[in-house]
Amino acid sequence: MKDIQNERDYRNMAINKVGIKELKYPVTVLDRSQGEQHTVASINMYVDLPHEYKGTHMSRFVELLHFFRPVISLKTFSNILNQMKQHLNAASAHIEVTFPYFIEKSAPVTGAKGLMDYACRLIGSVHPGSKIDLVSEVIVPISSVCPCSKEISDAGAHNQRGRVNLRTRFKKFIWLEDMIGIVERSASCDVFSVLKRSDEKFITEKGYANPKFVEDIVRDIALELKADKNITWFAVEVENFESIHNHNAYAFITSGEPPRILPES
Amino acid sequence: MKDIQNERDYRNMAINKVGIKELKYPVTVLDRSQGEQHTVASINMYVDLPHEYKGTHMSRFVELLHFFRPVISLKTFSNILNQMKQHLNAASAHIEVTFPYFIEKSAPVTGAKGLMDYACRLIGSVHPGSKIDLVSEVIVPISSVCPCSKEISDAGAHNQRGRVNLRTRFKKFIWLEDMIGIVERSASCDVFSVLKRSDEKFITEKGYANPKFVEDIVRDIALELKADKNITWFAVEVENFESIHNHNAYAFITSGEPPRILPES
Amino acid sequence: MKDIQNERDYRNMAINKVGIKELKYPVTVLDRSQGEQHTVASINMYVDLPHEYKGTHMSRFVELLHFFRPVISLKTFSNILNQMKQHLNAASAHIEVTFPYFIEKSAPVTGAKGLMDYACRLIGSVHPGSKIDLVSEVIVPISSVCPCSKEISDAGAHNQRGRVNLRTRFKKFIWLEDMIGIVERSASCDVFSVLKRSDEKFITEKGYANPKFVEDIVRDIALELKADKNITWFAVEVENFESIHNHNAYAFITSGEPPRILPES
Amino acid sequence: MKDIQNERDYRNMAINKVGIKELKYPVTVLDRSQGEQHTVASINMYVDLPHEYKGTHMSRFVELLHFFRPVISLKTFSNILNQMKQHLNAASAHIEVTFPYFIEKSAPVTGAKGLMDYACRLIGSVHPGSKIDLVSEVIVPISSVCPCSKEISDAGAHNQRGRVNLRTRFKKFIWLEDMIGIVERSASCDVFSVLKRSDEKFITEKGYANPKFVEDIVRDIALELKADKNITWFAVEVENFESIHNHNAYAFITSGEPPRILPES
C-alpha cells in the first residue's frame, strides 16, 4: 500500500510543527500528597517536518501516547519527546498536556474539606542543539477586593472572582501545588469549594482587609517568583471578572523578553 | 440531476426538526431608541420532515435568510416562518436568532456614556393547528452582594458578577429594553461599561445597601413579571459567579409547568 | 451567628430550582469492561425552595457530593437525591453529572488499540408524588458521507465529522456502552483514535458505501430505540459539521411530546 | 476623592501590560467592496505601567474606545495607540480587536449569493524606540480531502471541514479579503453558505481532484506569502477536524523565529 506521506516533497518548505491537536485522553499525573492523581487531559503533540517529506504519520503520536499514558509528568517528558523524535524521524518535538487538577482544601475556620479544581498544563519541547525546555502552567481562581472602591465608599467594596494564569520555567522539578500556593497567597483571598458560615465570615473579612488591584496581585506574584532561585523564567496574567462591569480587568508581567504581540496559537 | 432528498423514504419515521444550525449572519434588529441596530447573529432554522420524504433541502434555509435579512424581528417572524413552511413543504417551522445587542447607558453620577452588551435571542415556531409561538430571551449581566456575608461579617460583603437569563411569551410585542430593565432593577446593582470614581462609589454603596441572594433576584424578577398583564409565560434563571468559590450559585423560576429534566438542545 | 437563609420570606414565591452549578469534581463511574472508571465531572445540583424560606444552604450540596463521590452512578442517584431532599429540607431534588468517558476501541483491520472519548451525562430528579426520573445522555462523534454529493458527483463525496446527542429513559439500567453502540452502528462509519493505513482504507470505503444524511442517521437511531423494549423515552439530535459549509446540518427526533420551543438550559 | 491608582508604588516592579479585556462593542471596519461594514467586536486594550504607579485608570480605555468607535481600522490604530499612551501616561500601548467579518460569495456554478463569515483580528502595538507594530489575522474555514485516503481506497476519500489561522505583518495596508483569498486558493476547496445541487457536484469533484494534507495546505499558503513582497512576516496554522477521528490534524509554519513554546495569552 502506497505511503503518500513518505514521498518526496519538492516545495522546499520545512514545517515548524505538525501533529495532532485536542486529543482527549485519561492520564495519571503526579500528586504531592497522594503520589498520583487520575485525571483527563486534552493533548497536543507536534514534531517538525523537514522540507523533503510530504507528510508526517499522525497515528504514531496516538500510539506513543497510548503507550506512555500511565506516566505523564514533567519527569517523563524527556523520554516521550525522544520517542516522538525517533518514531516520527524528527529533529524537534513538542507536547502540551492540559488537565484539571484537584487539591483537597480545608475551610479556614471549620476545617470542612472539599476538592478545589485548577486548570493545569505541562509543556515540553526539544530542539536540535538545545536542552529540553519544560514549562509548567496553572490557572488558579482567586478572589479580589477593589482598593479604590473600598477607599472611596462609605461601606462595602466591590469584589469578584478572578483568574490567574502562571507559567514557569525552573531548574529543579516544581510541584503544581507550590505554584498554586504562590498565587493563592497573593490574592485578596483564595477560594474554596466548601465554606460554612463561620468560614464565610472569615473569608469576607480577610478579603476586605486585604484589597488588591490586578496590578497588586500580578506584582506580588512576580516578586515572590523573582526571589525564588529555582524559577528561571515566568509569565503571570491576572484577570478579574469585575462585578461592576461586563468586561474584565487584566495585568501581565513576564521575567523575560516583553512578549511579541502575537500568541503562537 | 437526481434529487435524492425528494425520494420516497420507507422507514415510516417522521422527523421533528431538520435544518441548519449555527449559521453566522449579519442582521438588523429593532432598537427602541435608534429605530434599528446592526448586529451579528447565530441562526438555527428547522422544519419538520414527514415520514415519506428522504431529506430536506438545506440550501433553501440560507436563501430565505439571505432574502429576509434586512428585517429580522419578532414582527417579521410570522412571515419568515410561513415562507419556510412553503419553500420546504413543511407543516411546522422553527427559527432561533441569537445576537449581541447594545444599549447606551449613562454612569449614575457623572453621566459618562458607554455601550452595554446583552446577549439576546428571538425564537419563533409554528405548528399545525396552533398560533405562532414567539419567545424573547435576554441574558443580562448583573452585580449581586451576598446578604449572609454582609450580615455575619464585621465589614464588607462578598459580591460578584452574575448573569440572568430571562425568557418571556407575551400578548403584545415586548422590547428587549423592557425585559433588560426588569432584570437590572432586581439585582443588587446593574453593571456599566464606563464608571468614573464617583460612579464607582455610588455603585458600591448601592449594592452594599441592597444585598440579594440568587433566590432574592429570581423572586423579584418573577414578581414583576407575574404582575405584568402582557407577559403570558416566563422562565428566569439567575447564576452568580461566586467570588468565594470556583462554582456558581443558581436559581430558576418559571410561570409554567415545572420543566422536564431535559434541555431540548 | 444569624442564619439569613433560614429566615421567613414573605414574597409568596416558591423557587423551582436552587443550588450549585458547574462544580468540577473527580468522580468514579461504572465501566462495563473495567468495573469502574476514573473521570472528572462538571456537576449541577438543585432542590426546590418553598415560598416561606429566604434561601437554601449552598454548602450542603458540596458536602453531600464530597461524601458520595466514590459512587456516582444511575444506581446511586436515588440515594443522593434523597439525601439532598433531607439535608436541604426540600420536596424535590435534581442532579446532573457531565463527564468525559473513555472506551478502548480496536482499529477495524489492524486491531490497533486506542481510547475513544465520549461526552456523557447522567441526570436524576425526584418530585413529590412521582417515581425517580433518570436520564442517560451520550454525545458520540461520528463520520457521515453525503448521499446527494455521492450520487451527483463523478467521483468522491463530501463527508465530515458529526456529533450525535442521544438521551434515553429506560426500565432497567442501561450501559453508556450500549447507547454509544446504537449511535455508532447508525453512522456512515464510526470514528477511532488510532487508525493505520489499512484501517483508513477500510473506513473510507465503508463510509463511501454507506452514505447517510443527518435525516438518515437520526431515523436509523430512532428505529433501533423504538424497537428496544427497555427504552421508555428518547431524544436524539444529529449535527454534521458540513465540510462544504461553515454551518451545520441538524436533525432531531423524540419519542415523546414534540418539545416546547425553549431549552431549560 | 482619593485617587488610589495614582499613589506611589514601592515594589519596584513595572507591569508589561495592564488594561481591559473582552469588552464587547459594535464597531465599523473597512470593507473592500462596500466601503465599510458594521460588526461586533471583542476588544482588549493594554498599556505598560511604570514601577512607581500603583494602578492604571481602567475607565479611560472604554472612554477612548467609545470615542474612536466609528473608525476602527489598521489605518486608525496609530492614532488610537497614541491616545492610549497619552491618556494613560504610558510608554507603550497595545490593542486587539476581534470580530466576525462577512464577504458575499457566489456559488461556483449557479452563482447563488450568500454571506460567508470569517473570524478576524486586528492587533496594534507601540513600544518606545520602535515603529508601530501592526498584525492582521484571519481565521478561514476550508475543506480538505485526504490524499492518503484517496490513494489507498477503491472509492471515495475522507474529507472534512478545517480552519486556517493566518497572521501577517506587511509594508502597505493589506485587505482582509486578500488574506482570505490566499487561504481559500490553497485548500482542497473553499466553503460557501449557499450551494445548489450543481454547485455541490462541482465542489465535490474539485475537492476530490485536489487532495491535500494539512502539510500541503500550510506549505502552499507559506509559499504564496513568501513570494509576496508586501508581507514582512507571517504565521499560519492549519487545523483539520478529521472526519475519521475525534481529534484534529495540525500544521504550523512561520516566516520568523521558531516560536517560543508558550502562547502569550
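Miscellaneous remarks
Which chain is which? They are A, B, C and D, in the order written, and residues in each are numbered from 1.
Everything that follows uses one rule, which is that a residue touches a chain if its C-beta (ideal position, glycine included) is under 8 Å from a C-beta of that chain, and two chains touch if they have at least 3 such contacts.
Everything numeric in this text was worked out from a predicted model, so none of it was measured.
Graph distance from subunit B to subunit D, where chains that touch are one step apart, equals 1. In whole angstrom, the spacing between the mean C-alpha positions of subunit C and subunit D is 34.
Subunit C has its Cα centroid 24 Å from the Cα centroid of subunit B. For the pair subunit A and subunit C, the distance between C-alpha centroids works out to 29 Å. The set of subunit D residues that touch two or more partner chains comprises 1, 23-24, 62, 117, 148, 152, 193, 195, 197, 201, 246-247. Contact topology of the protein chains: fully connected, every pair of chains touching. Listed in rising order, the residues of subunit B touching subunit C in the complex are 1-2, 4-5, 9, 11, 13-24, 44, 46, 49, 54-56, 58, 62, 94, 123-125, 127, 133, 135, 137, 147-148, 151-152, 165, 167, 213-216, 218-220, 222-223, 235, 237, 239, 246-254, 258-265.
For subunit B in complex with subunit D, the residues that touch the partner chain are 1, 3, 23-26, 37-40, 59, 62-63, 66, 100, 102, 112-115, 117, 193-198, 201. The touching residues of subunit B, when paired with subunit A in their complex, are 116-117, 141, 143-146, 148-150, 152-161, 189, 191-193, 195, 197, 200-201, 203-205, 207-209, 241-247.
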